[in-house]
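Presented below are the structures under discussion, each in the form of structure tokens.
The two complexes that follow have chain A in common; it is paired with chain B in the first and with chain C in the second.
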Partner chain A sequence: MTFSLDLFSNAIVSGILLGGFYCAIAVGITIVFGMLDIVNIAHPAFIMTGGFIAYFANTQFGIDPLAACAIAMIPAYYLGRLLYRFYNVAFEKRGEESLQGLAFFFGLLFIIEVALLLIFGVDYRFVEAPYIGPTIEIGFISIPWRLLIPLIVGLGLVLVIIAFLSRTFIGKAILAVSQDPLALRLVGGSPVKVKEVAFGLSIATAILAGALLIIIQPIEPSFGRDFIGRVFCITVLGGMTSLPGTIVASMILGVSESLTSTFLGPSWSPAIAFGLLLITLAVRPVGIFGR
Partner chain B sequence: MGNSLSIENVSAGYGSVTVLSDVSVHAGDGETVVLLGTNGNGKTTLMRCITGQVVPSRGTIVAEIDGERHNLIGLSTEEIVDLGISLVPEGRRLFPRLTVEENLTLGAYRQSARERIAASMDFCFEVFPRLKERRTQLAGSMSGGEQQMLALARALMASPKILLIDEPSVGLAPILVARMIDKIAELKTALGLTVMMAEQNFEQAARIANRGYVLVHGQVAFAADSVDDLRNSDVVRRLYLGVG
Partner chain C sequence: MTKLTRRQTLALAGSAVATLATPALAQTSPIKIGFGMALTGGLAGGGKAALLAYQIWAEEVNARGGLLGRKVELVNYDDQSNPATVPAIYTKLLDIDKVDLVVSGYATVPTAAAMPVVMQKGKVFLSLFALAANDQFRYDRYFQMQPNGPEAKFEFSRGYFNLAQNLNPKPKTVALVGADAEFGVLALEGARENAKKAGIKIVYDRSYPPNTMDFGSIVRAIKATKPDLLFIGSYPPDSAGMIRAIHEVGLDATMVGGGMIGLQFAALKQQLGPLLNNVVCYDLYTPEPTMNFPGVVEFLKKYQERAEKAGVDPLGLYIPPFAYAEMQILEAAVNGVKSLDDKKLADYIRANSFSTVVGDIKFGDRGEWAKPRILLIQYRGIVGNDVEQFKQAGKQVIIDPPQFKSGDLVVPFESVKR
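Take a look at the complex of A and B:
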């Protein structure tokens, strides 16, 4: 394939757009895995759940996918809190979180996937919205609205979470528990309660990311597995606890995938996340923004 | 209405290792009590027992807060802090990647303290002007002395009635140790605190303590009703004053 400037520019632009979406899928893992040490590999299953919530609300009631998931974030937050409480009692309290906890989330991933399969079947499902279809053309660069919206929402989501963590009391407590849980207890805070809030928040972000996913492309239930490598790659590359790092790492992954898929073919792009993950671990294990 | 702390016949340890045996220590309302003892004699372990981090195998720990008695054994650390007992822990345990201001804010975790965060913070900045200058600096990047001030200020943000301090002098230059001890005395008077302090620097601790205990091998080797009794005791003379 010959190199051409307009192909290259378009690949960069779609990479950035994709990166915006990746911010939304990874931010929850940065909170839960990066800050709280919980290996929630079921996170992508919650993203898929969000996608199907958007699909259901859109096809049944004609509700906008983003609006549907924005509302669904509220019950998802409480569901996430319950889930953490269970995880804490069943695994964390007994000090069995590393292996058995991992197995638990692995099981959860499959259970959710199977449940979605039983409910929605194996066909690709999609949504309708006014911004799916039209494209903005600037010179030879084209920006589809269905990718621009996820960029805006994805970036916005991370910025809101950054503000939440740095401005609110409970947000500061979440940062504190990630740095020293015993010190939090010594000022009178309960690490379990604080982590519960953070976990709920993480699940809520997954639901919103699901809406963005189904806006970008049609989905089917087993799709979520493709994102496991990506979300962990972004969190590690970004420096585990750093949310600005999550944004930068999302952009790097998005652009790398887009360039590879343009110039080497789309079948390569799933390998990029694992490639980046390995390079990061080999060259700079603390990530870009790590300390 | 009194604020006091009574530790009676406490034995405690880690796993099968017994560190404290049959320790009885008391701090009365408004007193400053010092726990002396060289390295590894169980001062920190006793502080951990009081704050619910180590559960004693025997004995009782009772705190009286505003005249109300609370049995501390079985309560979680956060519940004990919520009663009005704050610890300045060994190693300071600041949140290293949060700012001075954020560390202080979190110090006011207790519901009753959260309502007066602004006033408490103004008070801390008045007592420690250095912290005010450094309010936006990350706690982990401050000097040892500044970190010790912050640890003390953060504990005060909870508006405690009983303040536990584990070796305030550790890692500080002699001049700073004296200043830190003065500050503790000043705060104790200003806030009407009951203070229990673990310390190895006998001379400095003696300046502000009303009474003291000497822990040796996890037992109370000497309990003194006054600082003079402490100074004249064989064990203090041997361990701290280099006589006998």
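Take a look at the complex of A and C:
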């Protein structure tokens, strides 16, 4: 493909837009996997749940998909807390969280998928909103609103969580758990309570990410599995516990996919993106922002 | 005279009852038709719609008194869209459930996975939308219900390039893009050959991974090559992504579309609405006057009434009529040979032509349709996102092949941005 400024600029912009969406889907995994050491591979199923909540609210009541999921984040947070409490009692307390815990989340992934399928059917579902369709033109750069909204919301979501973690007591406790749960226990804190809040938070972010996904493209219940590789890649690349790292890694992945797709051919995108991950881990095993 | 004891009398009476009752039971026991079907997972959209069509057929045939005077019973299991589950399902169907007949589930991969078990048992095997699944097996009791013909990969682009090369002025260049998965690869292979035959130069030829989300970059790269034609071989989510990106980026060409899976389903038709105008795409059935085969309107009416409750495609124009026709063929064969013998059934199906709701069908080499019948349609006059408009004639105009043509190709394709 011949290089041109038009193509290059648009590829960068497309990559950043895509990166914004990746941020939103990966932030929950950074919290649970990076900070809490819980391999929640059912996370994409919660993203799909968010997508279907947005679909239901949009088609039945005409509610904006983002507004619907913003409201749904509240019950999702409490549901996440309950889920963690169960996981803690059933697996963590018994020291069986590694393999059995993984199997639990794997099972949960399928249960959620089948539940969505039974409720919403097997067809592709989509939403309608004023920002799906129009495009902003700035010179030779075109920015579709359906990708710009996920960028704004995705980045906003991560920035709010960063502020929450750095400025609130419970947020700092979550960071403490991610660094040294034993030390937190020694100063009288309860790692289980703190983890419960963090897990609830991650599920709430997944619900919002689902709304962003269905804004971008139609979804069906088993669609979430496609994201498992990507979200874990972003978390590892970003440095596991670092939310700014998640933003940077999402952008790197989005821009590298977009540039590769434009100039080398789209089939090379995953190879380049995961190649970058391997190189980063070889040079810096803790990830970009890892400590 | 020997006097029978009470125990001997009871034993004799019992065996007499059993002897008399056995043929009666055998005659009234249902004919079991077994299959695995994708009711969950990525193929479930097609699988559940096909199941509904099978159920409608079974209800109708039972209402007519069944097959060979016996009721028909469908025995099916969810293959989860996972080919690994399929051999076990067919083994169970044949060895435990003792089904009389088997048909395939929906789509190529589950069908191919069932083949070894089915072949070992020598069962006649009708398959549904299995792309070239018998090319390697060459099983002589296999029959396929998608009108691809023996050379499937060329058929998805044959009409597209036939029409393109007869345009005035003749298009000189084409961009080919498709999913890096079974259908996309096959469709692009055929498109390359057809483009070459039509004397059209390929200026872009790329595939993309199946979970691609950003189609803007791909469409911009295509636009930079300024192709006269754009041929796409895609799956449902990417078909939606490609159409949106084409309009967002502002790609104009003489013809856009080709082998796009998904545009045949109500969900994507409804979502994309006016963005589909002038897009050309392969299809198998559209409600045009040239496709008014006996029974198809009645079948679609029944299907559409039950579709919402079943949570399946509300239009049912793509897979369901072919699933129903598959069962019509099985019914005709059983009635024709008056037996469930697999060899006789296979011989009958191979030798005869069948009148179905999707037209007359005769099978040829490798159990594919003897004559291919892939349609090329063009979306016209789509206004808003109401799904009902797709039930009307004139919205999905058939532009190829000539015997089913309901309108002429309209060029060029212009993006909304323009």
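Going forward, the second predicted complex is superposed on the first by the 266 of 291 C-alpha atoms of A that agree within 3 Å, B and C clash if a C-alpha of one lies under 4 Å from a C-alpha of the other, contacts with A are read in each partner's own complex, and residues count from 1 in each chain.
In the analysis below, contacts are C-beta pairs under 8 Å (C-beta built on N, C-alpha and C of every residue); 3 or more make two chains touch, one makes a residue touch a chain.
The structure displayed is predicted, hence computed values, not measured ones.
Asker: Do chain B and chain C fit side by side on chain A in the superposed arrangement, or is it a clash?
Answerer: By the criteria stated at the top, chain C and chain B fit after superposition, with no clash.
Asker: One more residue to check, A:Leu175. First (chain B), second (chain C), both or neither?
Answerer: first
Asker: Contact-wise, after the overlay, does A:Leu66 reach chain B, chain C, both or neither (first, second, both, neither)?
Answerer: In the superposition, A:Leu66 contacts neither chain B nor chain C.
Asker: Looking at A:Phe263 after the superposition, I want to know if it touches chain B, chain C, both of them or none. Which is it: first, second, both, neither?
Answerer: In the superposition, A:Phe263 touches chain C alone.
Asker: Please work out whether A:Pro218 is in contact with chain B alone, chain C alone, both, or neither, and reply first, second, both or neither.
Answerer: Touch partner of A:Pro218: chain C, not chain B.
Asker: More residues of chain A in touch with chain C or with chain B?
Answerer: Comparing chain B with chain C, the partner touching more chain A residues is C.
Asker: Using centres of C-alpha atoms, tell me the angle at chain A that chain B and chain C span after the overlay, to the nearest 10°.
Answerer: For this superposed arrangement the angle is about 150 degrees.
Asker: Once you lay one complex on the other using chain A, what is the shortest C-alpha distance from chain B to chain C, in Å?
Answerer: Across the overlay, chain B reaches chain C at a minimum of 37 Å between C-alpha atoms.
Asker: Residue numbers of chain C touching chain A in their complex, please.
Answerer: Interface residues on the chain C side: 39-42, 44-45, 47-48, 81, 180, 206-214, 216-218, 220-221, 224, 236-237, 240-241, 244, 248-250, 262, 265-268, 270-271, 310-313, 385, 417.
Asker: Can you list the chain A residues touching chain C in their complex?
Answerer: 1-2, 4, 6-7, 10-11, 14-15, 17-18, 21, 113-114, 117, 120-126, 128, 135, 142, 144, 146-147, 216-223, 226-227, 230, 254, 257-259, 261-263, 265-267, 269-270
Asker: Along chain A, where are the residues that touch chain B in the complex?
Answerer: Its residues touching chain B are 169, 172-173, 175-176, 179-180, 182-190, 291.
Asker: Within their complex, state which residues of chain B touch chain A.
Answerer: Where chain B meets chain A, its residues are 51, 53, 76-78, 81-82, 86-87, 89, 93-98, 102, 105-110, 113-114, 154, 157-158.
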